[in-house]
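Look at the two complexes coming up: chain A is in both, with chain B in one and chain C in the other.
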Partner chain A sequence: MFTAIIARDIRLILRQGGGAGMSLGFVLTVIVMIPLGIGPDHEVLSQIAPGIMWIALLLSVLLSADRIFRADYEDGSLELMGLGVLPLELVVLAKAVVHWLTSALPLSLTTPLFGIFLNLDPSLFSTLGLAMITGSATLSLMGCVGGAVTLGLRRGGLVISILILPLYVPILVFGLSASVGSMGADHVFNTSFLMLIAFALASVVLCPVAAAGILRAHFR
Partner chain B sequence: MKERTGKQKLMYRYASPTQFLVLLRRVLPWCTGVTVVLFALGLYGALLAAPPDYRQGEMVRIMYVHVPAAWMAMLIYTVIALASATALIWRHPLADLAGMTAAPIGACFTFLAMITGSLWGKPMWGAWWVWDARLTSVFLLFLLYLGYIGIWRVIEHPGRAARVAAIMGLVGFINVPVIKFSVSWWNSLHQPASVLRIGGPAIAPSMLWPLVIMGLAYFTLYITLHLIAMHTGIVNRRIRMLELRKIGE
Partner chain C sequence: MKLQAQTLACERGGRQLFQGLEFTLTGGEAMLVTGRNGAGKTSLLRIICGFIEPTCGRIRLHDRPEACSIGQLCHYVAHEDAIKSALTVRENITFWARFFGAGDVEAGLAAFGLGPLAACNAGLLSCGQKRKLTLSRLKLVNRAIWLLDEPATGLDATAQHRLCRHMTHHLAAGGIVIAASHTQLDAPFTVTLNINDLSAGMT
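For the complex of A and B:
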């Protein structure tokens, strides 16, 4: 059942198109806007590049988060899934896995390559990618909570950003320190990377419970 | 067993809004009175009795309005978390209302802490705002308040909004220490030039007592405002009920 939901959703997203592709386009647009806004100075750009990459990742994950449950909620299939043998918490987890696989993971893999445009130090590609892959798992899981809150709201997009972005701060901080920490000291990378893993593990346990609780409130 | 029923009795005696309103009307004048007295005493202590600091001069008096506001900012978020837990676990009918009405008050105290901190920071640090760990985490706390208030505003169905807000209140509360920790980690990574540390040595007794009194005054002010807000909330609910009944007739 768990894998069936994952397979179904991935198939749906691949056939509809516009999932991961649109997110990539969004990140690319943000990255093109930055030099236009700040100026083409190579020194400045390479200094702020990791931060810009992370913020672009955060925003694009957030933007796609309110679509996680929307379609299934509107046609009623989410409620049926909740009535099935699988607990709603695990349904949420399956949705989070799908969101991570189709939106956050492709971004994490390709975003460091976009760093070329911002004169990102090539030695940071691998650590930035690793930190993003780990951190984005938490981003997807928390995005599920936000997506659950905004179901059935007309102004969902704005609420989700005020609600979820402050909760993303730890990921941004430790993700960034894992990404740039590797330049100087190894222990900074290790500590921050371990923290990212810890956040991911904690949110695997906590976020589905919170999101499922919110979904149940919508069903009543 | 007997003790447990006793506790439950205490908890549910004022669960009925009518009973609670009776209690409110009896307690409210006392709360207001105590607040006024404490503020009079505290402001006298803070503005007149307390000595100026030998390094910060008269500027140190901002501390007496700033520090208690920051205390309240943290306390009220804790109250929201407790109310949320009570609403989710015991389905206490007034817990949702307590959380909903506490949030705007908490946001105001947080904003007050930010404003007074900024006014204090300009002469002391030479900047209105410094991205210091503590300032940043208070700012994020303010955003958490706004998000929580936002839930109540945008979800139209009251019962649904209450459930969602209670869960998000707890999620936010779990995250506050994590955010705090990560922000101080962030700050230690790239510390801005140098931020003057306030406090330094232990605070002198002549400055401590006005601070404590002001803290108590802020606390009773919060209690009073919260009680008034809950009163308004209950009355609002009744008005809505009456209107609904009118439509039904």
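For the complex of A and C:
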């Protein structure tokens, strides 16, 4: 049942578009714009590169968070899923997994490569990628909560940004520190990275419960 | 199995829809819910499957066949079709069969004669065909209580006849059917509940 939702949603995204391709396109445009706006100073670009990548990741995850539940809510599928043998919490988790697989994960894997545009230190590719993969799991799960809250709103995407972006701050801080920490003291990478894992594990437990509770309120 | 509603009252958006609603249905009984538009037919069905909390009273299920919530024993056919237009008819049915747990896809396709359309994109279906696809969920897995909200909308005479036959079979197997409908359905309803009589402040 859990895998049925994942398989169907991935198939839908492959057929309708709006998945990884769109997020990658968005990040690519953002990252290409930065050197144009800031100027071609290699030193400056290299310094801000990890931060820009993280912000691009946050924004693109938010862009698609609005769509996690919307289609299923509008055509009545989500309600029926509320009557399944599978608890609604696990339905939410399946949706989060799909969102992570189709928007956050491809970005996390490829964004360090975009770093070439920003003169990113090649030694950071692996740590940045790893931190992004871990951090983006939390981003997707929190995005589910945002997507659930704004279901009834027509322009939900904008409201999600205001609601959820502040909650992304810890991920941004620890993620950035985990990404660049390996340049300096070695232990910084470890602690920050462990914090990212802790956030991910906590949100796997908490976010589905929160989002499912919100969805039940929407069914009323 | 016995489904019982006790002094149900429902309020939507500050408006009292009905109060003092009572019924008792045992396995094999079917109830037709009638009432004017906005009387609360859909709300009653949604109360039964647990989406809405009644403002007063409660729904009880005695001798339930499995240890699960009433909603998990219900097939709820709502106004929304819950069909993905990017998937084929078979893929739509297969998804719900897997989601509800080991459903019988072929039985679902055969229920309303959708077999020839199986490879067709669900977005291309007509209104009535979409309704058939929605209703075919009833035959995917066996659930004791059928809650049908205007099930016959858009159905042709043959399909309506099939629907009534499925309902009759379900009742014969000891199931419960509650249908809200404006059109006359041919199924053997044992009870008719007119919500209009229960609305508060109506003269």
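Methods note: the second predicted complex is superposed on the first by the 220 of 220 C-alpha atoms of A that agree within 3 Å, B and C clash if a C-alpha of one lies under 4 Å from a C-alpha of the other, contacts with A are read in each partner's own complex, and residues count from 1 in each chain.
As a working rule, a contact is a pair of C-beta atoms (placed from the backbone, for glycine too) under 8 Å apart; a residue touches a chain by one contact, two chains touch by 3 or more.
This is a predicted model, so every value here is computed, not measured.
Student: Considering only touches as defined above, state whether A:Ile5 meets chain B (first), chain C (second), both or neither.
Tutor: A:Ile5 sits against chain C, while chain B stays out of touch.
Student: Determine, under the contact definition given at the top, whether A:Ala217 touches first (chain B), second (chain C), both, or neither.
Tutor: In the superposition, A:Ala217 touches chain B alone.
Student: For A:Val145, using the defined touch cut-off, is the partner it touches chain B, chain C, both, or neither? Pick first, second, both or neither.
Tutor: After superposition on chain A, A:Val145 lies in contact with chain B alone.
Student: Is A:Val159 touching the first partner chain B, the second partner chain C, both, or neither of them?
Tutor: First partner only.
Student: Once chain A of both complexes is superposed, is A:Val173 in touch with chain B (first), chain C (second), both, or neither?
Tutor: First partner only, chain B.
Student: Indicate the residue numbers of chain A shared between its chain B interface and its chain C interface, in ascending order.
Tutor: 216, 220
Student: Hey, which residues of chain C end up touching chain A in the complex?
Tutor: 46, 49, 51-53, 68, 71-72, 74, 76, 78-84, 86-87, 91, 95-96, 98-101
Student: Would you tell me which residues of chain A are touching chain B in their complex?
Tutor: It is residues 145, 149, 153, 155-156, 159, 162-167, 169-170, 173-174, 176-177, 181, 188, 199, 206, 210, 213-214, 216-218, 220 of chain A that touch chain B.
Student: Please output the residues of chain A touching chain C within their complex, sorted ascending.
Tutor: The contact residues of chain A facing chain C are 1, 3-5, 8, 11-12, 15-16, 71, 74-77, 79-86, 216, 219-220.
Student: Applying the document's contact rule, which stretches of chain B touch chain A when the two form their complex?
Tutor: 88, 140, 143-144, 146-147, 150-151, 154-155, 159-160, 163-164, 167-168, 170-172, 174-175, 178-179, 181-183, 185-186, 189
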